[in-house]
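Take a look at the structure set out below.
Order of writing sets the chain letters: A, B and C. Residues in each chain are counted from 1.
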Amino acid sequence: MNVVPAIVLRDVHKSFGATKIIDGVGLRISRGERHGLIGPNGAGKTTLFNMISGRLSVSRGEIELNGRLIQNRAPHEINRMGLCRSFQITSLFHRLSVFENVRCALLWSLGYRYSIAHLLSRQRKLNTASQILLERLGLWDRREIRAGLLSYAEQRALEIGITVAGGADVILLDEPTAGMNRNEADRAVSLIRQLTEGKTLLVVEHDMNVVFSLADNVSVLVYGRIIASDVPERVRVNPVVREAYLGTKGA
Amino acid sequence: MELLLVTLLNALVYGMLLFMLASGLTLIFSMMGVLNFAHASVYMIGAYVAYQISRTVGFWPALVIAPIACGVVGAAVEIYGLRKAHRNGHISELLLTVGLALLIEKGVQMIWGLAPVPYRVPAALDFTLFSMYGTNFPAYRGFMLLISLFMFLAIWLLLTRTRIGLIIQASLTHSDMVSALGHNVPRVYTTVFAGGSALAGLAGVIGGNYLVTEPAMAFTMGPIVFVVVVFGGLGSLLGCLIASIVMGLVQSFAVVFDVSPADLLTYLGVAVTPMTPFAEVLSVPLPRVSALLPYLLLVLILIFKPRGLMGTRDT
Amino acid sequence: MTEVVAQRSGDSARYDVRAALGRFWPAFTFIALAIVVPWLFFDWSKGRHSGFVISLVSQMGVMSIFALSFNMQMGQAGLLTFGHAVFLGLGGYATIHALNAVASGLFWLPVELMPLVGGISGLIFATIFGYMATRQTGTAYAMITLGFGELVSAAAVMFNGFFGGEGGVTANRMIKTSFLGLSYGPAIEVYYLILFWTVLSAGVMLLLTQVPLGRMANACRDNSERAQFVGYDPRRVRFYQCAISGFFAGIAGALYAINYEIVTYDAVSAVLSANVLLMTFIGGIGVFWGPILGAVLITLLQSWMSLLSGAWVIYVAVLFVVMVIYAPGGIAGLIMAHLPIWRSGRLATLAVPYLRIVMPSVTGIIGFAGLVELTYSASIGKGQGRALTLFYHVIDTSSLLPWFVTAVLFALGIALAASQRVQFLESWAAVAEETRVKEPCR
């Protein structure tokens, strides 16, 4: 049975003027796989994310989502094809309430398009779905508050919620536990596990515990190249990886 | 042929005046992301202040005092106004400059009245520099050209040869990075804003008596300068210079040829009568169109090519 | 938990009427007042309405629709436009031509439905324009609207066909095609027509803030990138929002045409576009009824203050600038910020802090007004041969004393107010924290 992989990157390059950020990256992520992307700062992880999600164009190469080419497409097109991402710097609708944030995230997937004929307060299915998601996020009590006024951890939880709300089956998470302490990070990880069950997950992270507990496979990006791509245990002991991260001293 | 050369010279003079205005605006817009609606209003203040001073003390002191006064006004606006509006986003900053432009226009109207004021070319420069094919080229235009070229040289040297100039250049395209490197970016902003305002004031001093000094001059000059800034592209002073000259050429030549598209069609053998569709539009003479050209260009460029000629940043 | 929501939705029909009455009583009061106002100024001795009052409230109605439509772009979609008068004006021109066409028997349309002619024209032009302009957003969009506004303005002066050149186009609104058998000759009848359409338009625009497009317009305003990642094309959202706002601006234009029976290039001018910007912003862009408040206030100011002082435009401009810096939510925003405090009964605790900052501010404002009036009198007033009077006392603008006094009042007042600012903000923050201000969402 030939199952189409969720994400395929083929010889992807990206340069900004004369500076080469991504230097020939190839990646293959299967359906339902949980894939971690790690690497030192400045390696190009966010750039790679931005290219997959349509924020940046590709200098060369191809990106496939569920078998269809998506490089250089507009972000909303890619989103409608089944991919959604979260942002490193929390990206919410800060002047709308928590409830509205989630409701907006559900609108397109429930088929509302640019409608002017449906009064939002009367949409049963929409409002019920919003409530259910908010309860899973633990934010139902905070639903009337403006998103911009939430605490940092609450905002990150909402960020993840909005990302999965639309039902995309490929989820990209950009440093979901950034700025969190151990407790908050653990809670975030369990939330992520819950909400992305059965979906394909690509996570960029610096927190090694998070990556190794969440991921089935890990790829290491250094200076725009993937130097290793394997199961976490083997990546952990890979000498090339250790050198890239820790220098020649070794762990 | 004579007409061509004379018009070319006039175009150069007008173009350099535009550059004096547009360069300050480009710097401010590129660095701070704020399109300073009140920039042309500062130009107006420069002209009016110079008018007042030249009525009492003389033109030459005005040449020095007015730009300084405008620079001070610019600094005050940046520190007490823009910095506070910055908290609320770009639109707030834009609205602030719009409000200031309205306020300045009404203030000028109130103090000096609605009619143009007799701001004249100083007697010392009111002679003919040379005659070409029967048309006189006034010395004052030569003076204007001199001042503009001098300013251009000064800006170029400042930006490329001084430390502050390098910081400004960097902030044009990468202000976050400059800040991260430890430079006092707010102070740089204030300096650029004050400098741009002083330049606008200087343009007002020398342009106010060449063109006209009236309360409407800000809103007439404003869109032309916006077009130059957008056309030349953000973050590029060279593009700004090219765009200024092109604009000068377009406006100067358009006024000279008193023809309309209808005339052109008739020349080509197509008769245009009141019955022809769009007859009214076709019979508009070119000089009238030239007044509208800035707006037309503004709309077209922004819709189709918002990065302008040589821009390195999106609007 | 889930049952609660489901049940509430199911019972919504029963709750709606009572809930609506509860929430909308200010609106109903306002509408009732608007209906009654002309009669409060009725001249019982002569059996006539006050022409001045009717003209004033009619203008308020037209401007309210105009400002609300402007805010569909500005406040709701985050689109600043300098050319909104274009849609009002073009709607007005279309309506005035329609009036003439009906009068000469080309087709039949009741006067009551004329605003739809304006609305549809506004919609068509906004669609054409919006399709191109909404490619951009932010400052670029504002610049495009500026250019476009000036082009249409110039065309309105130059071309005689549609625009009637400098003289504009006139019509007679008494075209004898009314549902209700009214002639619309008397101004009071036109006023009630305007009021009807104002209430109707406001109601529909309110509903449009509660539908998917309206909510996504808010979302695109807040974070257009995130909007893309929930599946929406921000450009399309902006486009549709712009088109609909043009529809309502056209309705305002139609009522303008019916009211004044003439439409000139003033109706598409940059001045009118600037006016609606001032009105809407001062009223409040973050609250639905803010633009209505702004329209009413500024129209009132224009009529009333222009009788008192020729320099009233300066005061409006200064108010605008001050609000951009210190109160970007407008007057409505300020009211809404005080509402939770008032509801929790803690408003009285702010009395003293307010007094301490308001008194020097008022002194400063008086000083400022004095300076403005002195300047005005010394330049334009002198030219008109009018002297400056304060409480029937003529003031000599050439003597130094009044200048000195006003300057001192201004400087001292502002300085004192500035020194009180930090303390005031602290008191405010303390009260806000006590009432656990949960800001209303827009």
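Definition applied: a contact is a pair of C-beta atoms (placed from the backbone, for glycine too) under 8 Å apart; a residue touches a chain by one contact, two chains touch by 3 or more.
Treat the numbers as computed from the prediction; the structure is a model and nothing was measured.
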Please report the smallest number of touch steps linking chain A to chain B. 2
Per-chain CA centroid nearest to the all-protein CA mean: C
Which chain maximises the distance between its CA centroid and that of chain B? A
Between chain B and chain A, distance of the C-alpha-averaged centres to the nearest whole Å: 47
Inter-chain centre distance, chain A versus chain C - centres from mean C-alpha coordinates, in Å: 43
Just the number, please: Cα centre separation of chain B and chain C in whole Å. 32
Residue set of chain C touching chain A in the complex reads 1-2, 5-6, 9-10, 12, 207-208, 210-216, 218-219, 221-223, 225-234, 236-237, 240, 244, 438-439, 441-442
Chain C-touching residues of chain B, taken from the complex the two chains share: 33, 35, 81, 84-85, 88, 90-92, 94-96, 98-100, 102-103, 106-107, 110-113, 219, 223, 226, 230, 280-281, 284, 288, 291-292, 294-296, 298-299, 302-303, 306, 315
Using the touch definition up top, name the residues of chain C that touch chain B in the complex. 78, 80, 132-133, 135-136, 138-140, 142-144, 146-148, 150-151, 154, 158-161, 270, 274, 277, 281, 311, 313-314, 317-318, 320-321, 324-326, 328, 372, 375-376, 379-380, 383
Considering the complex alone, what residue numbers of chain A touch chain C? 53-55, 74-76, 79-80, 84-85, 87, 91-97, 100, 103-105, 107-109, 112-122, 124, 127-128, 131-132, 135, 140, 144-146, 149, 162-163, 165-166
